[in-house]
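Below are structures written as C-alpha cells.
Two complexes are shown next, each including chain A; its partner changes from chain B in the first to chain C in the second.
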Partner chain A sequence: MMKNSFNDSSAKRDFYGVQLETPFMLGTAQYPSPAILAKAFEQSKASVATVSLRREASGDKAGQDFWRLIQQLNVHVLPNTAGCHTVKEAVTTAHMAREVFGTSWIKLEVIGEEDTLQPDVFGLVEAARILSEDGFQVFPYTTEDLVVADRLVNAGCRVLMPWGAPIGSGMGLNNIFGLRALRAHFPDIPLVVDAGLGLPSQAAQAMELGMDAVLLNTAVSKAGDPAMMAEAFANAIRAGQLAVKADPMVPRDMASPSTPILGKAFLD
Partner chain B sequence: MKHIQVNSEKVTAKSERLSDLLIELGYADAVVATAVNGDFVTQGNRANIQINDGDRIEVLAPMQGG
Partner chain C sequence: MNAFTEHVVVLGAGVAGLCVATELVARGIFPKVIDRQLEPGPESCSWWAGGMLAPYCEVESAEEAVLHYGKKAATWWQKHTDVVEHQGSLVLALDRDQADLKRFAKRTQAYDVLDADEITELEPDLSGRFSRGLYYREEAHLSPRNALRALKTKLIQQGVTFINQSADPDMLAKDSLVIDCRGIKAKPDLDGLRGVKGEMLILRCPEVQLTRPVRLLHPRIPLYIVPRGDGVYMLGATMVESSAKKHASVRSVMELLNAAYAINPAFGEAEILEIGVDSRPAFANNLPRIRRQGQIIRANGLYRHGFLLAPTLAKMVVDYLEQGIESEWFDTTNLTTTEETINL
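So, the complex of A and B:
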C-alpha cells in the first residue's frame, strides 16, 4: 500500500509562493452566461480562475467585459496557452498573457494530438524550460509519465498538472496507478489533476490520492445547473481533503469483523 | 497606405507604427496583447515597431479558458 505516501493535503500547499484558500481551480469557458459563470464561482469557492487569450475585433467588447467580470471574482488568475501546438506558439502566447493579465503564472499547454488533446510532452518540456528561465511560473499540463515529470521539474516547474483524462471527456481518473506513483515520486511538488473530471466523486478521489488541487471546467459549465454542480464539486473536494487528513484505513483482502467477537453468546 | 493582415483579416491602414495602428483600428482603450509576424511586441515597444506592407498583426484580448 502507498498510504504513507499520501500527503496531508489539508495543509495548504505553496503554489509558487501562493497558498490557496481552497484547492479548487475552475475554468471560465462554456458557461451559458456571464451571470451563471459568476454564480458558479461564488458557489465553488474556487481560488483560481483559468483564462485565455483570443482574437477580438476592435468593435467587439466581449473580451474587455469578460476581463472586468474576472477581476470582480477576487480569485487568482491562471492564463493558459490552450490551442497551441508548437513551442513558439506557446511561448509567444505566454508572453502575451503575462502582459495582459499581469501575472507570471502560466498554465502551459502544448497540444500534440487532436483526438485526445494529449500534450506534446517533448515540446512541453522545452517550452517550460524557456519560460521558467524567463521568469514565468509554469503550471504544465502533462501526463502522469514519471520521466516527463522529472524533466519538467528539472526545467524549473514547481507545480505539475497531470491529466485525469482527455480534456472535456468527463471520464474521471483514467490511470489511478500512474497518479499514485506520481504522488509517491514527487512528495514535495504540488500536484493538480487537470482535465477529464466529470463528477464530484472523481474530484474527491483525486484528493484522496493525495493531490493538492483539482482543475476542471466542462463538468461545471456544461452541467444543467452549473452553480449547483460547482457547489457539489466544492463539497467533494473538501471531503477528499478531509479524508486524507483523517488518515484512512489500509484496505485488506480478507474480511475483518467490525463487531467485537468477545462476549458473543453461544446460542447453538 | 499599408496592406496588412490583422487577425487574418485583410486591412488597409495608414499608420506607420504599431501604436498608431491600434488607435486607427479602434483598440485605443482595449486591454490587448500584440504580435507582429509571430513575434510578441510589448505595450512599451509598440511605438517603435514600423508597420510594413504584408505584416501579419495579431491583436489578442482576454477570453474564457479552461
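So, the complex of A and C:
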C-alpha cells in the first residue's frame, strides 16, 4: 500500500510537463575549459544544464559561442538569475534569459546575504509571482522553510528547489529534518536539492529522502577530474533513486537476526 | 630558402605574431609583419596581458601542456628581451578562504608553504594580513608592453619590415605564405574560436612596494596583481564567456578594486591609470592550435597564456614551415580547404 502510493505520486511529479530522463541537473560555471565541461556532461548523463546569464554578455550576442556550446550538450537548458540581489534585477535577467535561450524555464535566485548567498525569500516570493504571471515556469532557489515554500506555490511555482547548504560550501544536507518535512508537506510538487552538495554520498542521501532531482555545480567543476566526479555523482544519484524505488527497510532499535533459526544448518 | 624569405607574411603584431617573426628570423627566414597598429598598442589583446610567466600556478585550472611548455617561456623571453623579472610569485587567500588555498596547493607543485613571518620577509607590505601563502620561486613575470616593444625593436634591427595597414589574409595568400596571428579578429575564419572577455586595471600606488605577482584566491573572483615597477600595478583579470571587447562593468571594476584593497588598504589611495577590456581568443580546451588552410597557416587560441605559450606556438609554426612537423597543437580536424603543398 505504502509502496504503491509513493510510486503513484512520484510518477505524477514532472517539471512543468517535462519528465526528465535522469534526476540530475548540472551547472555550467567554473570548469577549467569548455572541453572539460562537455566531457563532464557526457559522463554525468545529466538531463538539465543550468546556465547563468551575465546581463552584459547578452547585449550584442557577444556570448553566443558559449550558448552554442551549451546547446550542443543536448540537454534541457535551465537559465538562472545567479548573482541577482533585487527583485527587479532578477526579473530583468529572467526576461533576457527567455530571449537568449528560448525557454520559459527560469531558475530564480534572489540573493539576500553575501557571505552565505542565502536567498532573500521575501524578494524571491515577489519575483516568483511577477514571473509566473508573465508566463515563466519558475524553479525557485529557496531554503527548506515550509511557510516560504507554501508562498512560492501560491505564487505559481510548481517546482521547489530547497538548498542543502550554502552555495559552493560542499557541506551536504544541513537540515535533513527540514527537507523531510518539505517532502511530506508537498507530496505533489517536484523537489530539487539545489546547492551545498560536495560529495556523491550526499546526493544519494538527497534522493533517498525522496527528492525528485539534485542540482550541483562546484562539486563537479572544481574537482580535480570533473568528468570522473560527474560520473561518481551520476552513480550515486542512480543508487539513491533505486533505493527509494526498492522501498527500503524501516530502521528499528533492536537487533533483528537476518538469518532465522529455522534456516540454520543443523549441526550435531 | 631565399624564395621563402621574400614571401612569408606574418599578419598581426601582438605577442603571437612577434614571437613567430622572432622564431622565423632565428632560422634565417625574414618575414614581413603586417599590423593595423603602427606600434604595439591597445588594439591587441597582449597589450592588456598580466605578463605572469606562471606555469606552475596556471596548471591549477589548465591542461598539463600549459605547465610543460610554459616552463620554457621565461628562458625564451630572457634570451630575446631584457624585461624578465625572476622573483617567483605568491599565492594568498584571506583566512575565510583557506579551503581555496588548500585546493590550490593540492593541484599544483614546486611551491613552498609560507607562514605570516615568511610572507612579511618576502613582501613587507603584505605584513599582518595573511597567515599562510604559497611561494612559487621558479616563476617569473614581465611587462607585456615592454616585451612587445623589445621584440619589435630587435626585429627591425635584424631587418624585418613592418607594414602598418589592415590586410585580408586571403588577398595576401595569393602571392605569399601567410601566418595569421590576428587573435580574436580571425574568429570568422576559425571554427571553434571563441572570445573570453577580460577586464583589468592599471593603478599607480607608490605607497605599496610589491616585487612579485600576487594571486588572491577567492571562490568566485580569483584575482592577481602584477608589479610593473615605479609603483605601477596591473590588476586583473575577469573571465567572462563573451567576445565583447568593450564595457568594463562597474561590478568587475569594483571586484578588482576590492581585491587590491584586501591585499593592502593603501591601494585605496591609488590612482587609476587605465581600465582595460579585451577578448582573449580561445578554443574549446583553452589550448592554442595551428591550422593550415591553403596558403594560410593560422596560429591562434592562446587564451590567457599569450606570453606563456606564444614562444612554443611560434616554434611549432616554424617547425612546420621548415620541416613539415605537425606538432601537438597542429589541428588536423576541421580543415576547410584541401591539403595543398606550400607553394612559394
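FYI, the second predicted complex is superposed on the first by the 240 of 268 C-alpha atoms of A that agree within 3 Å, B and C clash if a C-alpha of one lies under 4 Å from a C-alpha of the other, contacts with A are read in each partner's own complex, and residues count from 1 in each chain.
Methods note: a contact is a pair of C-beta atoms (placed from the backbone, for glycine too) under 8 Å apart; a residue touches a chain by one contact, two chains touch by 3 or more.
Bear in mind the structure is a predicted one, so any value in this text is a computation, not a measurement.
Enquirer: After the superposition on A, what does A:Asp247 contact: first (chain B), second (chain C), both or neither?
Expert: neither
Enquirer: Could you look at A:Ser33 and tell me whether it touches chain B, chain C, both or neither (first, second, both, neither)?
Expert: The second partner, chain C, only.
Enquirer: Between chain B and chain C, whom does A:Ser52 touch in the aligned arrangement: first, second, both, or neither?
Expert: Touch status of A:Ser52: first partner only.
Enquirer: Which chain makes contact with more of the residues of chain A, chain B or else chain C?
Expert: Per-residue touch count on chain A favours B.
Enquirer: Between chain B and chain C, whom does A:Glu21 touch in the aligned arrangement: first, second, both, or neither?
Expert: So A:Glu21 meets neither chain B nor chain C here.
Enquirer: For A:Glu113 in the superposed arrangement: first (chain B), second (chain C), both or neither?
Expert: Neither partner.
Enquirer: Answer with first, second, both or neither: which of chain B and chain C does A:Asn217 touch in the superposed model?
Expert: It touches chain B, and chain C stays clear.
Enquirer: After the superposition on A, what does A:Gly63 contact: first (chain B), second (chain C), both or neither?
Expert: After superposition on chain A, A:Gly63 lies in contact with both partners, chain B and chain C.
Enquirer: If we overlay the two complexes on their shared chain A, which of chain B and chain C does A:Glu42 touch? Say first, second, both or neither.
Expert: neither
Enquirer: Based on the A-chain superposition described above, do chain B and chain C contact any of the same residues on chain A, and if so which?
Expert: 54, 56-57, 59, 62-63, 66, 168
Enquirer: In their shared complex, at which residues does chain A touch chain C?
Expert: Result: residues 32-36, 38, 54, 56-57, 59-60, 62-63, 65-66, 69, 168, 222, 224 of chain A touch chain C.
Enquirer: Give every residue of chain C touching chain A within the complex, in rising order.
Expert: 61-63, 103, 106-107, 194-195, 197, 219-220, 240-244, 247, 249, 282, 284-286
Enquirer: In the complex formed with chain B, which residues of chain A make contact?
Expert: For chain A paired with chain B, touching residues are 27-31, 37, 50-59, 61-64, 66-67, 70, 79-80, 82, 88, 92, 95-97, 99-101, 167-168, 195, 217-218.
Enquirer: For chain B, which residues count as touching chain A in their complex?
Expert: 7-8, 25-27, 30-35, 38-40, 42-43, 58-66
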